[in-house]
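Here's the structure we're looking at; comments come further down.
Letters are used for the chains, namely A, B and C, taken in the order the chains are written, and counting of residues starts over at 1 for each.
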Amino acid sequence: MTVPKTSAGNFFEDFRLGQEIRHATPRTVTAGDVALYTGLYGGRFAVQSSESFARAIALDGAPVDDLLVFHIVFGKTVPDISLNAVANLGYAQCRFLAPVHPGDTLAARSQVIGLKENSNGKTGVVYVRSTGLNQLGAMVIDYVRWVMVRKRDEAAPAPDPVVPELTERVDPETLGSALPRIDADAYDGELAGSRFRWGDYEAGERIDHGDGMTVEEAEHMIATRLYQNTARVHFNQLTESKGRFGRRLIYGGHVISLARSLSFNGLANAFHICAINGGRHVAPCFAGDTVHAWSEIREKAEIPGRDDVGALRIVTYATKDLACGGFPGRNGDGYEDGVILEIDYWAVMPR
Amino acid sequence: MTVPKTSAGNFFEDFRLGQEIRHATPRTVTAGDVALYTGLYGGRFAVQSSESFARAIALDGAPVDDLLVFHIVFGKTVPDISLNAVANLGYAQCRFLAPVHPGDTLAARSQVIGLKENSNGKTGVVYVRSTGLNQLGAMVIDYVRWVMVRKRDEAAPAPDPVVPELTERVDPETLGSALPRIDADAYDGELAGSRFRWGDYEAGERIDHGDGMTVEEAEHMIATRLYQNTARVHFNQLTESKGRFGRRLIYGGHVISLARSLSFNGLANAFHICAINGGRHVAPCFAGDTVHAWSEIREKAEIPGRDDVGALRIVTYATKDLACGGFPGRNGDGYEDGVILEIDYWAVMPR
Amino acid sequence: MTVPKTSAGNFFEDFRLGQEIRHATPRTVTAGDVALYTGLYGGRFAVQSSESFARAIALDGAPVDDLLVFHIVFGKTVPDISLNAVANLGYAQCRFLAPVHPGDTLAARSQVIGLKENSNGKTGVVYVRSTGLNQLGAMVIDYVRWVMVRKRDEAAPAPDPVVPELTERVDPETLGSALPRIDADAYDGELAGSRFRWGDYEAGERIDHGDGMTVEEAEHMIATRLYQNTARVHFNQLTESKGRFGRRLIYGGHVISLARSLSFNGLANAFHICAINGGRHVAPCFAGDTVHAWSEIREKAEIPGRDDVGALRIVTYATKDLACGGFPGRNGDGYEDGVILEIDYWAVMPR
């Protein structure tokens, strides 16, 4: 008998605590990916946009956008982790550990760090720590993610429940080691688009990023394929027309990148995301929706041993079809209507 | 009097048996083209995706996707061969003769190898052998194509009919010479996305590739322009709204690339297309259609002198708005409803 | 009190005669941008398409398309100059001063050279000379642009009116200095797509470029973001649905690039734009419109000291949903229905 050659992805009972998964397809990131990423989001952060600017502040060339690295590594994990996911529940403790430059090759692996079957016996929650590595084997990104995954066979026995302890935020004391030192005096605020540096921001400050961006089907699908993310809900209108929403769902990471790009107006010098404390996709986003964003400075932190940059903990909310002058966000235990994303991250700015 | 400067393309009576045509515009293929190709189709074949993977198996860097090479060379031939085509009737005996890498410049030329006027006196069939060459003049691709072309003047005399003999398939004994040797032991199936190698497949085996991809107007037009293919039916809604279908027709090659990308799930290690035996666009594809694909292993062949790779003859069918669990394909002399493409090709897998 | 961190752009009363503005964000142009530009417009000019072709005529590699350079530099000026513009009134005296190659980094600065408040007291016209520079500080492009900008405060006093004198056309005698010499004998017309050289064209000649291209929302937004152009009217359907047109307006430069690409059929050897004498966006263009173009050779000029190339002054008209066989253009003081663009430029062809 012929062995079936296709993969239907893993179901809940296929995961084992401690299991290590090396994900397919390694991917060389190039200037082509960077250009397409610019065409999809319109990013204007000077450090990523300009070799000259990056070198002027003593970096080793313009790094690839942090979120492009995130999306590529995330995409690799999808066929093994979340092809049979009912819901992406969250991610946390994401740290960017080394700059990625065009020409670097990214690969991904994950370890199962938690398993908990749901009481309905039909699904369970899988916790993984996923890691992106470059061609030298150095870690470039590391994050925890948990997803609700279907069981193939409801009769399969439940594993002993293990839920990892997750911190609410990445400790800013740990951010310095992965961060190349910059020449902050050479950082040209006029060229970068803003004169405001780390010292100019205050905890509690709220910033409406103003502009909005309407999303098209072609755009989010091109983006999601660029990340080699195979989650079916983004691509197949034939199936989705009969599904829960009647239409293709936009990859949540697409919304994160749109919000980050919009945040340039107000956070132009937040040139590097060094950690994502957590993210929640509060409501789905579809083609035709117009995305706006606003941010709150949740916390300011010095980074030990670093007088070149300081860290801002930023919580960004993205909305659909709702301008953000009224700072729409949480509403009791939930969120106000129109909010689609809450993302809590650490970024650095020159001091 | 001013000489008209525009070209209306060639009509049937403009072609002469044995005529050689050097096509415009040479094209340097870059990492940018590769990235956009990934964004358009989401390819995950490790050899094309990763410099590190390619070098690990002893290749000289990640080659450009074979079909991207095909589309670019094909695109160059359009202004001279098929601008006045009524129908693309088929292609055959396509061989990929040397790897293409970013930085290589492709040019194309064609020779007219057959001519046969149709009995209606309004059209005729033109057979060409088209060849793609790199900047060193080395052949990288070679194929036969035949198209039905309008006559400018119905009174023009018919040429003596010449129809070239076409083989049903490229002889697998000839595939080895153009194929760099790989280190099959170093081929990492886990990273490549499948543990199944050449020896695991059987003639007659059928594989439903499962996923579907809905096509948008922006996507197929960006693709077709990337290939510098100028066929008008793909771009001009003003004209096409009054035409046979009422809408823009998707370049058949776009469907081929979608099907190839979908085929990763089941054929992940078929890392190189070395020949296309034939292809038929059975029905038109339009924006909004969802493309699925399935494949049959038609034949297995060893390649003389090669213990590193073996060849699989694969026939892939693509459909629109029809999942492929039922393996829709031929139906007597025709095809089942929903089938849009049949393509018959040789690919290699590590042994 | 917290200082607001966002920029709302400059209003009329913020500009001062003689003011110098260094624009954010410097941008390294790469092979990725070139590929995406090809995907968006389908350009076929051999010099830009092929490293081999460019080197064969003694150029230092394939230059980046002149209009891509224009769009990137223009995009940088938007946040400072035209974020509060009511209308882009025109541009003139645009000269391309040095070739740009992948890897070059572009920055932009502008000088205010004219100011004139309108009699309604609500708006005024700002004239700027904008300059694009490469990473060595060499000027690569220089142009004058004037825009009607809103006042923030209608009570702000009017400045003394200053209107710069603008020439109707760039003097062709000045075109030679910025233009690398080519080996015209080595220029292969067959590969370039046309045997017609400078000497074959006549003043007064009209060329219908024939083909049409329908524009999609995703395309013009990807293009405009690629240029990091932040003008809101191109992106935000939520706002524009309540605006003057009820929909997103396509960046005028997108139409210019489409027209230039279509003009290949008839002007294939006009391989380099050396100056833009003026441009007018006569009517808005929206997604779904099909763009056609035609050109008139307005003037022929030798370039002093140059026997390798000659200059053609070309006026190109683009239309929407109107084929150009009837050469639709000016109509008294206005334009015929369907005309959306008139652009008057100098291009060179081999002699």
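Assume contacts are C-beta pairs under 8 Å (C-beta built on N, C-alpha and C of every residue); 3 or more make two chains touch, one makes a residue touch a chain.
All values reported here derive from a predicted model rather than from experimental measurement.
Engineer: Same residues or different residues where chain A meets chain C? The copies count as same if more than half of the interface numbers are shared.
Structural biologist: Looking at both copies, the contact residues mostly diverge.
Engineer: Between 0 and 180 degrees and rounded to the nearest 5, what angle rotates chain B's CA atoms onto those of chain C?
Structural biologist: In short, 120 degrees.
Engineer: Between chain A and chain C, tell me the centre distance in angstrom, where each centre is the average of that chain's C-alpha atoms.
Structural biologist: Going by mean C-alpha positions, chain A sits 36 Å from chain C.
Engineer: What positions in chain A touch 2 or more of the other chains?
Structural biologist: Residue numbers touching two or more other chains: 30-33, 35-36, 216-219, 222.
Engineer: Provide the residue numbers of chain C that touch chain B in the complex, in ascending order.
Structural biologist: Residue list for chain C touching chain B: 30-36, 38-46, 49-53, 62, 190-194, 196, 200-202, 205, 207-214, 216-219, 222, 265-268, 288, 290, 321, 323.
Engineer: What does chain C use to touch chain A in their complex?
Structural biologist: Of all residues in chain C, those touching chain A are 2-3, 5-8, 22, 24-28, 30-33, 35-36, 79, 102-103, 105, 107, 135, 216-219, 221-226, 228-230, 232, 235-239, 248.
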